[in-house]
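Pasting the structures in now, so scroll down.
Shared between the two complexes below is chain A, which pairs with chain B and chain C, respectively.
And now, the complex of A and B:
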C-alpha cells in the first residue's frame, strides 16, 4: 500500500485538527483562571491574578490536596504489592482459572465506576456495617489501581524470561534473595511507571470516591465538584485545574522516558 | 580439597528452610503469590458485586428507612416496567453508542497516522500529545466543556459571526463532552493494535495490486478489529455509568447513573439503586460476551 502525498497530508491535517480541538478546552480553562469574570464569559472582560492568589490561600483546596495525596499514596502502595504478586503468579505459572483471574483484574475498570462505587458502598454500609471513611476510599481505589500495575509488570516479566532467576537459584540464592537481588531490580522501572499511573488514577477518581467517602472526607475531585457551580469559587477551580495539568506533565514525562528507554533496549 | 568454610555454608535458619521448601514446591509458591491479591479482589470486589445483586432483591422499610432482608421482586419489576427507567435506559444506551461511534471515527485516522505515517520522532510527540489530556482531571475537562459550551463561551463567540449557535447544555453537550473525555482511551488501544500490523503486509497488499482503500478494508481493518473493539469497551462502559458529566453539561437530563446516585443518596433506597445498577451490568456483560471471541479482551 502506497499512500499518496495527498492522503498523507490529509491524515496529518485531520490528526492536527483533532488534537487542536482536544487542547482548546484546556486553554480556555487556563485563560479563565486569569479572567475577571466569574461566569466563564468569553472573551474575558479583563485579566487578574486574584484567583491564583486566593487558590493558594484557600484552606479547603489545600486540605483537599492533602487528603488526595494521602489516599493516592496508600492505594498506590497496596496496588503495587498486590499487582506485582498477581503478575508473578499469572506470568510464571500455568494453572486452572488463570483466564478467569486476568478477567477479574480488568473488571474494576471494564465496569463503569458507578457499579464499583455502589457495590462497595452497599458492601461497607449494609453488609459489613462499617461507616464510610478515608479508609473505605483507599480500599476502593486500590482495587481498581491493581490493573495498571499488573499491566506494566506483566509486560516486563514477559520480556525478562526466567534465565537470570534460574542462574541465581543455581548459584544458591533462596527464593527471597533471588527476588530481592535479581527480579526486583529488573522490575523497578515498570513498577515506577505502573505506580505513577495508579497514583494519577486515584488522584483523579471521582465516581467511586463519592460513593465510598465518609462525610468528612474531601478529596480534591470532591472539592472541585462541590465548588464548580459556586460563582465565587469557579475561577479558583480553574486555577486548580491549570495547576493539576502542569503538575501532571512531570509524571507523564517520567513515564514516557521509562517506556521509551525500554523500547530502545 | 578443603571443605567449604562454615561462614560460606548456607545458614540453617527458618527462612532458609522456607526458601528451600518454596523452591522445590512450585504450587506452594503459586499459592503464596495468589493468596493476598485473590483475597483482596475476591472479598472486596466479587463479594461486593454478588451482594449488590442480592441487595436488589431486598427492600427498604418506608417508615424506618432500614433495609429489610426479605426477598422481593418488587425492585426488579419496578425497573423493568417503569417507564422512567425504560426511557432513561434507552437514552443512556443511545448516548453511549453515539459517543463510541464518534470516538472510533475520530480515533481511527489519528491512530493510523501515528502508527503508520508519522516519523518515529513525530510518533513520540503524538503519543505524548494524546496522553497529556488523559492526565488532566476528568472533572477539569468536563468543567472546561461547560465553559466552552456556555451561552457566552468561546464556541458561541467563534460561530456566532457565521450564524451558528452553541448547542448549550443538554444531551448533545453530554455526548460531545463524553466523546472528548474517552477519546484517548480509544486512541491508545487502536494505535497499539495498528502498530502490531506489520508494514510488510501492507506492502504485499500493494504489490499484489491492492489499492489504498482495499488494503485498508481487507488487510488493516480485520487485523486491527480486536484493538478497535477493546477501545469501544472503554468508551461504551464509561459512558453507560456516567452521571457527573451529564450533571455538569447535560442540563436537566438524567442518565442511569443519576438514578442510581439519587437512590443511594437522597432517596436512601439501596435495594432500588442496586436493581437499577443491574441494567448497565447486564448490558456490559452482554457486550463483553459478544466480543469475547474477537480477542478484544487481550487488547485492553
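And now, the complex of A and C:
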C-alpha cells in the first residue's frame, strides 16, 4: 500500500503518541523504584537502591510472589489439560450443541471479571459450601485461562486437518499412540503459546481473585493494591511493578514469537 | 482372476453424506497382485471407495472383504491395507527415516530392526541418502517416494494410492509411473490406484473401473475400455471420441443408436478409399492443429457432423491440410463402436 507523505507523517505521529502514553508511565514506575521519596512524588528528589534491597527482603512481597506463581502454575496446568481435551472434542468430532459449547468456553474471557468474581464467590460459599482458599482462586483463574489454550489449540487443529492422524491410523497406530506421536508434537508450540498466555493472565489477575481468595491468601496483585498507598511501602511496590513488567514481557514475547513463526511456515 | 480369494471384494458398498450418495451399491472384486485403477472425474466416488477400503469412512451399507475376511467394521489401524495419500501426509516433525519406520514403530518393533527395514525401503525408492532430512527439505517427487516407502515397509497386502502423482509435473509423473509399476511388480502386492487421469490409468493398470456418479460405469482392461467403451460417458472420458447420436448415426452410418469412433481410426485424404466395410464422407477442414507427433484435424462433414481426426505425422501423410480444404474422411466399419443408450452397462 502506498501512502502520501502527509498521511505517513500523521500516522507515524499518532502511533508514536499512543506508544508514549502506554510506555511513559511504565518508565515513571521504573524511575520511582529508585526514588528517595516514599510517596512517589515527581520528579524524584534523589536516587537510591534501598527499595530494591528491601523489596527482596520483604517477607510479604516474597510470599505474595510465591502464592501468585503457585496459582498461575496450577491453573495453567488445568487449562492445558482441559483446553486440549475440549479443543480435540470440538474440532475432531461432530455432536449436537457443538457450536454452543464452543461459545460457552470462550465466554468467560469476555465476561467482566467482577461478574465472574461475584458469581464464583456465591457459588463456592453458599451453594457448594466450600470455604474460600487458594484452590478456589485456582479454579476461578482456570475458567478464563482455559480460553487462551483453547483458542491456540483449536486454531492449530483446524489448520492441521486430519490427514496426519489418518496416515498414522493407516500405518497401524491406535488413537492414543497417534495422539502421542503425531498430534501432540504438532500441538506443542500452540500449547506453549497458550500456556504462557494463561500463566500471564492468571499472574496479574486481581478482580476475580479478590472475590475468590480465602483470608490470608495474598497474590501479588492483591499485595500491590494493599500496599500501594502505604507511604513506606510505595517504593517497594514500584520495585515489584518493575520486576513484574520484566517477568511478563518474557512469556508474551515468547508466545508471540511462537505463533509468529507458525504463521510464516 | 487367478487367485481363488480376491484381495478385495466389495458387495453393495454404499456411502451417503447427508442427502448425497457418494457411492451407490458398488460391487467389485480385485484380484491379488493386480494393478487396479479407479478412474473417474472428481466427485464420481472413486476416492470415497478408497477411503472406505482404508477405513477412514464407515459405509452406509454393504460390506468390504479383504482376502475373504469381512473388515467392514474394523478401524483403519486394524486393516492390512496401507495408503499413499494425495498430499503424502508425511509427519513434518520426523525425519525421513522416522517417517518410514513409523509403521514398524507402532507395531513395537525395536529401533535397530525398524531402522534397518526402513533403510531397505528407502533404498528401494533410491532415497537412502535422504534419511536424515525433514520432509520439508525434499522435493515433491522425493516426498512421493518417501510416502511410498512408508506405506510399503509394513508389507501390506493391499496398497491404496490416492492420486499419488497428482501434484507432480509431467516429466516427473511419467518417471514415477514407470517406478510405481516396477515397485508393484517387485512387491507383488495389490495396488489400488485412484486417478482422474485416463492416460495414467491406461498406462499403469491391469484393469480399470470407470466411476461415474457413485457407480462403476464400466470395468475392463485398458484395451477393452479404449476399444470397446460401453457407454457414451466412458467413450468420452477415456481418450477422445467422435460421438454420434442417433440422428447422426443414421445419416452417416445408416444405423440407429449412439456410436463412437476414435479420432486415430479415421484417415483424411483427397480421394475416397475402397474396400470391404470402408466408409467415406466428404467434408471441409475447419481446423488443423499441429501436435508434433501428429496432426489433429477438425472436419465438418457434408452429412452435418463435425469429427476430429488424428493423423500420424509420418511419411505416409498425403498432404498438408489447411483450413477450408475439401477432404474425404474414411474409416472402417469395424472401428465403429455401438454405445449402450442406458448408462448401466457396467459389468
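Just so it is clear, the second predicted complex is superposed on the first by the 263 of 265 C-alpha atoms of A that agree within 3 Å, B and C clash if a C-alpha of one lies under 4 Å from a C-alpha of the other, contacts with A are read in each partner's own complex, and residues count from 1 in each chain.
Quick note on the criterion: contacts are C-beta pairs under 8 Å (C-beta built on N, C-alpha and C of every residue); 3 or more make two chains touch, one makes a residue touch a chain.
Just so it is clear, the structure is predicted and the values come from calculations on it, not from any experiment.
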item: Joint occupancy of chain A by chain B and chain C, clash or fit; value: fit
item: Which superposed partner A:88 touches (first chain B, second chain C, both, neither); value: first
item: Which superposed partner A:133 touches (first chain B, second chain C, both, neither); value: neither
item: Contacts of A:163 with chain B and chain C, given as first, second, both or neither; value: second
item: Which of chain B and chain C A:172 touches, first, second, both or neither; value: both
item: First, second, both or neither for A:38, with chain B first and chain C second; value: neither
item: First (chain B), second (chain C), both or neither touched by A:226; value: neither
item: Computed vertex angle (chain A) for partners chain B and chain C, CA, steps of 10°; value: 90
item: Chain B versus chain C - smallest C-alpha distance in the overlay, whole Å; value: 5
item: Set intersection of chain A contacts, chain C complex versus chain B complex; value: 169, 172, 174, 177
item: List of chain A residues in touch with chain C within their complex; value: 163-164, 166-174, 177, 181-182, 185-186
item: Of chain B, residues touching chain A in the complex; value: 10, 15-16, 19-20, 22-23, 26, 29-30, 33-34, 36-38, 40-41, 44-49, 51-52, 55, 67, 106, 109-110, 112-114, 117-118, 124, 126-133, 135-141, 143-148, 150, 152-154, 156-157, 180, 183, 202-203, 205-206, 210, 212, 215-216, 219, 233, 237-238, 240-244, 248, 256-257, 260-261, 264, 270, 273-274, 277, 280-281, 284, 288, 297, 300
item: Contact set on chain C toward chain A in their complex; value: 54-56, 75-77, 81-83, 85, 87, 89-93, 102-103, 105-107, 150-151, 154
item: Footprint of chain B on chain A - complex, ascending; value: 1-4, 7-8, 11-12, 14-15, 18-19, 22-26, 28-29, 32, 39-43, 81-83, 85-86, 88-89, 93, 95, 101, 103-108, 110-116, 118-123, 125-127, 139-140, 142-143, 146, 169, 172, 174-177, 200, 204, 206-207, 210-211, 220-221, 224-225, 228, 237-238, 240-241, 244-245, 248-249, 251-252, 256, 260
